[in-house]
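Read from first to last, the chains carry the letters A, B and C; within each, the first residue is number 1.
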Amino acid sequence: MTSIRALAGACVAAFASLCAFVAPAEAQSYPTRSITMIVPFAAGGPTDVVARIVTAHMAQTLGQSIIIENVVGAGGTTATTRAARAANDGYTLITGHMGTHAASVPLYPKLAYHPEKDFEPIALLAGTPILILARKDFPPKDLKEFVTYVKANAEKVNAAHAGVGSVSHVSCELLHSILDVKPVGVPFNGTGPAMNALVAGQVDYMCDQIVNAVPQINAGTIKAYAIATAERNPSLPNVPTTAEAGLPAFQAQAWNAMFAPKGTSPAIVASLNAAAVKALDDENVRKRLLELGSVIPGPAERTPEALAALVKAEIAKWSPVLKPAS
Amino acid sequence: MADTMGHSATATRNTSVALGFCLLAIAPQIFEFIWSIGTIFGWGAGRGPATVVISHATALLAGAPSALLAGDTKKSSDVLLALMYSYPLFAVAILTIFMTIKSAQDYIGGIVLMALALFALWASSDLQGMRGFSFGAGTAPRMFGGLLVALSAGIALTGLMTDGPALAHYSWRGPLFVMAAILFFALAIRPLGLVVSAFVSFLIAALGSHETRWLEAVIVGACLTLGCALLFPYVLGLPMPMFPRFLVQ
Amino acid sequence: MELFANLAHGFVVAFSPINLLMCLIGALVGTLVGVLPGIGTIATVAMLLPITFGLPPVGALIMLAGIYYGAQYGGSTTSILVNIPGEATSVVTAIDGHQMAKQGRAGPALAIAAIGSFFAGCVATVLIAVLGAPLTKLALAFGPAEYFSLMVLGLIFAVVLAKGSVLKAIAMIVLGLLMSMVGSDIETGASRMAFNIPELADGLGFATVAMGVFGFAEIIRNLDAGAEMNRDLVQQKITGLMPTRKDLIDSTPPILRGTVLGSILGILPGGGAVIASFAAYTLEKKLAKDPKRFGRGAIEGVAAPESANNAAAQTSFIPLLTLGIPPNAVMALMVGAMTIHGIVPGPQVMQKQPDLVWGMIASMWIGNLMLIIINLPLVGIWVRLLRVPYRLMFPSIVIFCAIGIYSVNNAPVDVILAGVFGLVGYWLIKHDFEPAPLLLGMVLGPLMEENLRRALLISRGDWSVFLTRPLSAVLLAIAAFLLVLTVLPVLRAKRDEVFTESEN
């Protein structure tokens, strides 16, 4: 096995030296060729869909195609590492999310990149609200009862999540730290199996992104206690916010944002930001994002500076929650 | 790593089998040493060759014996490797000298498998074990590692107790050139692209057989490369570099 | 009948020219993907997903579904011809299928695989239409404890299908289990036995190991001095292309049994389809009058698992269509395709998207018909391929495998790893260890460990759940019964050997 590591090392070194030679400055008439957008998750996942919707419009604005490259592995950190090490010429970008660019910092102590130090923020694309969901015959009727029930039965209840580092995992850790309980977390291999277990009643509750949950809630196979955003969501008008239901401290969103490797020229960042902002104002893009239950960032939240601040705030928010867990 | 010892050993010549096992017992250390040479040239990260040699030597000669005597002290990973992997295999090697091997195929197969299992046990020794009622990350690997040690010991025992085939013959030409072709492809695909790496790998692989006729191989290799260059990126839409980087830019 | 109205509606949708074309493209690409070693369904569907962005949703899904079950047809081809299973589900087919090819009977093997797949596909499609909704309960009845027991049963199947020493087969399974544990731990995220190699962080890929221990190892072995003789013999021995009357009669019951087993196990999310093929093989071996023929070119050993994996490939759509929950990675990608089109599947998808659901079901039947029309004439071409001199064949296989493995993750390290596993496989052959149980252990290992840990987490460490839950207890009982059935004769034989020796 060690020989493989040697070869891997040699490979990386060879590529790195090759890359170092090829770094011409071509900010003049950016972009002159197609742009690669790395998506750190599988095609068809929430992050991928958001990236595809937005980049399709951005490609029209920029006049060059944007090729999506799905690189999966290690909770998205494999792809993010690759993006951090890519040439900072504006032709390799990444659509990261709350996991890759915030929660990963406390979760993976040996992380090969730092979201703040290795990336130039471009723009926040969308936020996906998180819901507190439970199996349909879980005794508590609303969020207040849920809180008392979980506190009283912390030894008995089971929380499902879609694997370490997933949105459902980290958001549930936040919920548990607010409630100051440590129920058993049952890991599943992705959102699908976790949802299956919740529908089948094998686990009691989970926190998950809105996209997959809406049809199940509407069909009555699971129930939702609250949505962890400031406002109710149009796709689930009957589900109260956590503030309305009595747990204002629990606020969480799985946001998606676009980043470039550190050192990308400000002019390129500005033109990418402008293209992204234009996409977010497009009627069709908005309609499709809203169909997914996404929250579209307002004008003030779309600047690179706002994104930098968000990343900083999110790292600060998740660090104390996730440190003891890992 | 399993092949390193097979060649010289015949079914009954126990000393060479035992020597092979000794080599196997320090194979991970040797591999780390070879790998560490790369750090001199700045390839990869890790310990330098001198550190590797000194720390493994002290672990094998001094650290592990003293840890055995002292008992409950915190052991370094090198000492653990010596204790969990190398020592048991040395013991097996010594025992081998006094055994009559009835089936070299089973006996050596079992011992090498045992070496793999011991190595896995060492590799998972830093992982957390049971935490109350729930499994830790290391519980299952250790469970199955232990099970494999037992099973492979069983296989080795059958090799001692019942008659069976001797060690099969290994050839070197096929494995060497096929591996070389694979290695070349892996290293060349990104910098040189599909066309060059597929064609050259085809020819390297063709070296693996003495039946190869060169004109024919070159023609078929070229056709195959063309076919792959059309099939994979265009028909199946799999993105891969086609031509050498320096030509594209 | 509402069902017939629905089906009629489905056929109207599926028979529209664009959907027929999509179905054909799907079937063709699927066959190609299945035939090419290393290229997996997941990778291909993932790559083609963006293309479906511009297609109408029904057509897009018909195409993706076609790729999925088409790959099951094609997967058997390389298993039979060159002993390289393209998919986890065709590992078992390689055992007897390749032996048949070595005896010059590649044609009948390929044809029976296609016929069995067609029959199974048709039956399973009807099953989806008629019993889809009630069968959903099965998917929900399987909790972690049941899955664990099912995986134990699956591993016992792997022992049964071994033709040599039982002890060695079990050792191979355990080695496979150990190999499956490389990578991140699902519960804690800790990196296990990955030695800080980033490419190992998510574990060893199936394609990497399968190409290594089957593909590359087989090539290296065939290059051994003295192996040329056997190869030339194979080429001279090629007899008829199509199965004989006897072959068909022999294969009919296995196809029927394989279809039933596959249909049931396919509904279970996760390893259903893989277990189905192993279970079907095991069943045939146990029912056979002369189990010794298995592993030496028994046509039942091709007919049963191929029917089972294709039936399972169809019924695995049930959880997706009735619950809106994707049961495996390919289906998850299909959900992605739907999401891109603004359809988020859920329990009501049958009512809300009748075009999509019934169109897809109808298209599966059409797709199966297309696949058999594509595949039967191909048999002749495949068999002719065996006549290509090995000196040209083997470098080609090396290149195809290398490209295939590289394409899975675009990772050169994967190709090197497959090479290393090729050497390991060569060594395993030399020491008479079988690679099939190893691969099964590797595929089922994570499912077994995860579900064991999940079950124990939920039961708070109480091991008795595996026996107190009826379904799980039944599965374990079958596993124990099978194990006893397999091990007893071996023990008896060993004892006889010892006795005869002492008498001498």
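Operating definition for what follows: a residue touches a chain if its C-beta (ideal position, glycine included) is under 8 Å from a C-beta of that chain, and two chains touch if they have at least 3 such contacts.
Protein names from UniProt, one per chain: A = Tripartite tricarboxylate transporter substrate binding protein BugD; B = Tripartite tricarboxylate transporter TctB.
Computed from a prediction, not measured in an experiment: that's the story for all the values here.
> Measuring centre to centre with C-alpha atoms, which chain is farthest from subunit C?
Comparing chain centres, A lies farthest from subunit C.
> Please find the two chains that have the most C-beta pairs touching each other.
Chains joined by the most C-beta contact pairs: B-C.
> Can you tell me which chain is nearest the middle of the complex, judged by mean CA position?
Per-chain C-alpha centroids ranked by distance to the global centroid put C first.
> Averaging over Cα atoms per chain, report the distance between subunit B and subunit C in Å.
Going by mean C-alpha positions, subunit B sits 28 Å from subunit C.
> Distance-wise, how many Å sit between the C-alpha centres of subunit A and subunit C, to the nearest whole number?
The mean C-alpha positions of subunit A and subunit C differ by 33 Å.
> Using mean CA coordinates as chain centres, what's the gap between subunit A and subunit B in Å?
38
> Going through subunit B residue by residue, note those that touch at least 2 other chains and give them in order.
As it turns out, subunit B has residues touching two or more other chains at 134, 183, 186-187, 190, 239.
> At which residue positions does subunit A touch at least two other chains?
1-2, 5, 7-8, 11, 184
> Could you list the positions in subunit C whose residues touch two or more of the other chains?
In subunit C, residues 185, 187-188, 195, 410, 412-413, 416, 453, 457, 460 touch at least two other chains, as defined above.
> Taking the touch rule as given, give the residues of subunit C at its contact with subunit B in the complex, in rising order.
Within the complex, subunit C contacts subunit B at residues 29, 32-33, 39, 43-44, 47-48, 51, 165, 167-168, 170-171, 174-175, 177-178, 181, 185, 187-188, 190, 192-193, 195, 216, 219-225, 228, 389-392, 394-396, 398-400, 402-403, 406-407, 410, 412-413, 415-416, 418-419, 422-424, 426-427, 430-433, 449, 452-453, 456-457, 460-462, 497.
> Could you list, by residue number, the parts of subunit C that touch subunit A in their complex?
Result: residues 46, 49-50, 53, 139-144, 184-189, 195-199, 201-202, 269-270, 319, 323-327, 329, 331-337, 339-340, 342, 344-349, 409-410, 412-413, 416-417, 420, 446, 450, 453-454, 457-458, 460 of subunit C touch subunit A.
> Please output the residues of subunit A touching subunit C within their complex, sorted ascending.
Listed in rising order, the residues of subunit A that touch subunit C are 1-2, 4-5, 7-8, 11, 42-46, 48-49, 52, 56, 68, 70-75, 78, 81, 107-108, 112, 158, 163-165, 184, 186-190, 192-193, 195-197, 199-200, 202-203, 211-212, 214-216, 218-219, 221, 288, 291-292, 326.
> Contact residues on subunit B for subunit C in the complex?
2-3, 6, 105-106, 108-109, 112-113, 116-117, 120, 123-124, 127-128, 132-138, 140-141, 144-145, 147-148, 151-152, 154-155, 158, 162, 165, 167-171, 173-175, 178-179, 181-183, 185-187, 189-190, 194, 198, 201-203, 205-206, 208-209, 211-213, 216-217, 220-221, 224-225, 228, 232, 235-240
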